[in-house]
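Got a structure here, written out as structure tokens. Questions coming.
Residue numbering begins at 1 within each chain, and the chains themselves are lettered A, B, C and D in the order written.
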Amino acid sequence: MPLIHSGTQGVFVISVTPFGEDGTLDRDSLARVTDFYLEKGADGLTVLGMMGEAPKLSAEESREVVRITLARSGEAPVVVGISAPGLAAMRDLAGFAMDAGAGGVMVAPPSTLETNEQIVTYYANVVEAVGPDVPLVLQDFPLSTKVRISNGTLGAILEATPSVVMLKHEDWPGLEKITALRAAEAAGRRRTSILCGNGGIFLTEEMARGADGAMTGFGFPEMMRDVVALSRQGQTDRAQDIFDAYLPLVRYEQQPGLGLSLRKYVLAKRGAIASAALRKPGGSLSAAAVAEVERLLDRQARRLAELA
Amino acid sequence: MPLIHSGTQGVFVISVTPFGEDGTLDRDSLARVTDFYLEKGADGLTVLGMMGEAPKLSAEESREVVRITLARSGEAPVVVGISAPGLAAMRDLAGFAMDAGAGGVMVAPPSTLETNEQIVTYYANVVEAVGPDVPLVLQDFPLSTKVRISNGTLGAILEATPSVVMLKHEDWPGLEKITALRAAEAAGRRRTSILCGNGGIFLTEEMARGADGAMTGFGFPEMMRDVVALSRQGQTDRAQDIFDAYLPLVRYEQQPGLGLSLRKYVLAKRGAIASAALRKPGGSLSAAAVAEVERLLDRQARRLAELA
Amino acid sequence: MPLIHSGTQGVFVISVTPFGEDGTLDRDSLARVTDFYLEKGADGLTVLGMMGEAPKLSAEESREVVRITLARSGEAPVVVGISAPGLAAMRDLAGFAMDAGAGGVMVAPPSTLETNEQIVTYYANVVEAVGPDVPLVLQDFPLSTKVRISNGTLGAILEATPSVVMLKHEDWPGLEKITALRAAEAAGRRRTSILCGNGGIFLTEEMARGADGAMTGFGFPEMMRDVVALSRQGQTDRAQDIFDAYLPLVRYEQQPGLGLSLRKYVLAKRGAIASAALRKPGGSLSAAAVAEVERLLDRQARRLAELA
Amino acid sequence: MPLIHSGTQGVFVISVTPFGEDGTLDRDSLARVTDFYLEKGADGLTVLGMMGEAPKLSAEESREVVRITLARSGEAPVVVGISAPGLAAMRDLAGFAMDAGAGGVMVAPPSTLETNEQIVTYYANVVEAVGPDVPLVLQDFPLSTKVRISNGTLGAILEATPSVVMLKHEDWPGLEKITALRAAEAAGRRRTSILCGNGGIFLTEEMARGADGAMTGFGFPEMMRDVVALSRQGQTDRAQDIFDAYLPLVRYEQQPGLGLSLRKYVLAKRGAIASAALRKPGGSLSAAAVAEVERLLDRQARRLAELA
């Protein structure tokens, strides 16, 4: 199956891991939500990310998520999150995933890294552990990882480790980082694919700065599909109109912790998964939050109809 | 001049501190931006907050900001941020500010606090230092302070320290915290004023949950004035329409670090301050960022015209 | 095999995980170091702790460490560290370990916990995951975990979760915490076993405050054996003389990161393991550090001879 | 009065700030403890450090501490800690201190710095603020500041900012950092004075690695005087004997938070200050802690008598 590479573009949806109300892995819903993402415009998928509740899974369950997703994903590349406290577990999961047909693996830096040098060494160690032929996505998400990767550090990693072919960009603020990366490429550094996260909340600007697309899990992948496609066609005002229509919900879904409950609520409402339940530990939505999201969904539908 | 109290409502704008291009305090602009805020609908002001670049000022400059603002603020209460590494400096500035006519003081917890008990003790120490008659605003902003204040801790502070009359609410996610605070009041706890921050990005939902208004520095105070007023009148759809028109800019201004440069850019463009300069250390806007904000301002004006 | 309980006393050595120079698990050395610890006075062992390089092991290697250790530990209870990013992995390893004959499991709080309430809930979730019959050790090591557990929080956990039978005490400073725990017991709270860590650097004072012994990995378990035994017999000056003789090395071994390399160097020199190698990522000792430790070992031997 | 420079050697004692039981600055004791430190072997002093309770002082009190100390310090250079949240306050205090006759100023990095580049830029900004002629001490104390300065970052600062003439070295572990610094100098980098902190707990090894002395506040400066002098004379065994005699107390004083109470207790007992009180917020010693320190003092006196 297809590998990701430094020229990969489009929308990679960060897949949720569906659970039953009792916390068991819901295999049927996992297959269904995979289909749903692809129908709504995903060019690829990312499983076992932070928003996939990866750390809550046992090693065997993680493998099952990979297997089930790959059985439905067809020609769409699938990135597998392998972040773990140690290299041995990462090597094992990466080996399994690539053998099963994954398109690459994704690694976020552990919160214990403190200096630029430690970050560069960490990614060198990861590449040594998983092997130099496995396409690697560097997840740059300081709000969650507590690790700030400067442009200089990022450049040092890209130059030292050719298998880092993609950046999951969610530094915040991060627009200048995209500009700096593309400028470094114009000055001779090898190209890197840049897919943006943060729930898509800066997607229009990110595309204008040179991003290749989105990698995030907003419950309406069609927003990302349309914004990315329209941006690539130069229809930036139309892209922004679509984006703005979804923005109240994008914003609401950005609430840390709560966001995943909202996302699963939307996906369940749209029929993509059977239950909005998170595995423990994980919150649930209050009646007030449900009313808020329903109101935003109503307004969003009306606004999209106006724009149609 | 008027004091804040547990029933205070409305919009308190977090005031910027204007500087010349050479980094000197711009006294004229400070007077002008104070007028501007009040003209655009501010019910009160907050000076020397994080977005007022307070830590960059000398002790004497801080006093001057208080003096100049109070000379223009008339009947509008002015809250003075006094957060500092030690209690002696806080006591000195609080004493000066209250003598000069401030309406209260604001204190964020220092990042060294680690347990619920330490947080409660800290606010007891602050009250002992500034005196029990000084109205106190507790700034609850974990993203910046790194201190997470649980509902239980907040309740313990409110019960132990009567002079904490207001919460600057910017926990994120924080909607359930407003609901919990109001529920505790319904069950008998004394009332607290809740003004919300975070650049206003959840203002419509916050008002619906029981907030008394906003305390934040978005460059268009009229958005906050309108949303708060319409929300209080029950015109929630109209409030949301106005809010949504400003949301792309609200979102853009929320970028940490960069946000203040954007805010000052908007204020300078609107004629409220002479220069958008930040005092060192502080960034400036790239040409790309300026183009992005200009584009958002254009679209915002068009959308507001459609709604008028 | 024997379980730990709230009355457990003595010395539990935190076992190293021996590796070959090529990073493979050294099964023979693991058996040998287990024997060594027991010969030198360990009453119990703790495997897969932070100093056991647990996060660097694959799931299968972790199980093998448990199996090999339990095959040699005889009547000595063995505590198994199960800290992991998620509950499913913890439940799996706890189940395996207890079935294999472990005496209990140990869990440190994850660094993401921020409030007292979150810490209490976390341990409730752990107990629900591993089952209420599995004896649990709470590792209280803020320097490493970044989680500060107040006396009140600790009390709430002990009262809510009866299966927490032991505290691995390494808050720093932490002597008053021991005193407070014992005072709470005198006032009616159930008893908890307190074994102290931090490389033993406060062991004499900890025993005087009411600790039940040590749980740490200093390369000379006989120091801990003697200090604990002499303290229990009231021979506090003799205990302190022995302690002081080892203190220069205890201090030297306390250097974070470097400490484990030193510990393995000492164990290899004493014949307990074949190689001092750490698995990647992990440092090695410089020539200067080796010279320093050799000098300290020489002086320690001379001082112990004077005291004999 | 004398300035510090890149060749400065010896013992700089971190001076306590004495308070009365009511929390007021005790000017008499401040004069007396200054005399005490110099009599016991200090070559220089450092005031307004972390252990000087600097953040608890008002701006005017800080200046008074500088004035009183300089009035007694004679030919001994005095370093003034100027760390503050903003550059303006640092510039003001540095200007005052240097005008009053200080030998240099000391700055620790603020905990908000996250990347190597930010750390380098911060020190450039500090030098710009205080002026390039003011001798600067870089305090490298990650345990407290949360900022890890790699060897590369330190080198970049030393090369970019000639006025950084001294390192207050208290990274932990930090012995290899001394070795690396001296190796870089041997390879051509300009010399830097290295004085070591951490309560002196690694002083013998630090001297052997190339340190120029100590900068820390242990209550028996004569230990540091003797160890530094003996080390410089090559009498390393005698130095270690002296060190080991004090080590149980050095270790006990290293308890964060509690350590300062212990230090002031010792200084009060030795007649150097009138009261051991800390200004609020600050702990006090329990009866158990007092008994522990008294016991350690007794044993220390006996051991020193044996060595005499």
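Operating definition for what follows: a residue touches a chain if its C-beta (ideal position, glycine included) is under 8 Å from a C-beta of that chain, and two chains touch if they have at least 3 such contacts.
Going by UniProt, the chains are A, B, C, D = Dihydrodipicolinate synthetase.
Predicted, not measured: the structure shown is a model, and the values here were computed from it.
Q: Touching both chain A and chain D: give me those chains, sorted by label.
A: The common neighbours are B, C.
Q: If I rank C-D and A-C by number of C-beta contact pairs, which comes first?
A: C-D
Q: I'd like the angle of the rotation relating chain B and chain D after CA superposition, in degrees, nearest 5.
A: That rotation is 180 degrees, given to the nearest 5.
Q: Taking each chain's centre as the mean of its CA atoms, which one is most distant from chain D?
A: Chain A.
Q: If you average the Cα atoms of chain A and of chain C to get two centres, how far apart are those centres in Å?
A: Inter-chain centre distance comes to 39 Å.
Q: How many angstrom between the C-alpha centroids of chain D and chain C?
A: 33
Q: Of all residues in chain A, which are in touch with two or more distinct other chains?
A: Correct list: empty.
Q: State the interface residues of chain B toward chain A in the complex, per the touch definition above.
A: Within the complex, chain B contacts chain A at residues 172-173, 175-176, 179, 201-202, 205, 208-209, 240, 244, 247-248, 251-252, 255-259, 286, 288-289, 292, 299.
Q: Could you pull out which chain B residues touch chain D in their complex?
A: It comes out as residues 55-59, 61, 84-89, 91-92, 111, 121-122, 125, 128, 279-281.
Q: In the complex, go through chain D and note every residue touching chain A.
A: Touch residues, chain D against chain A: 114-118, 142, 148-150, 152-153.
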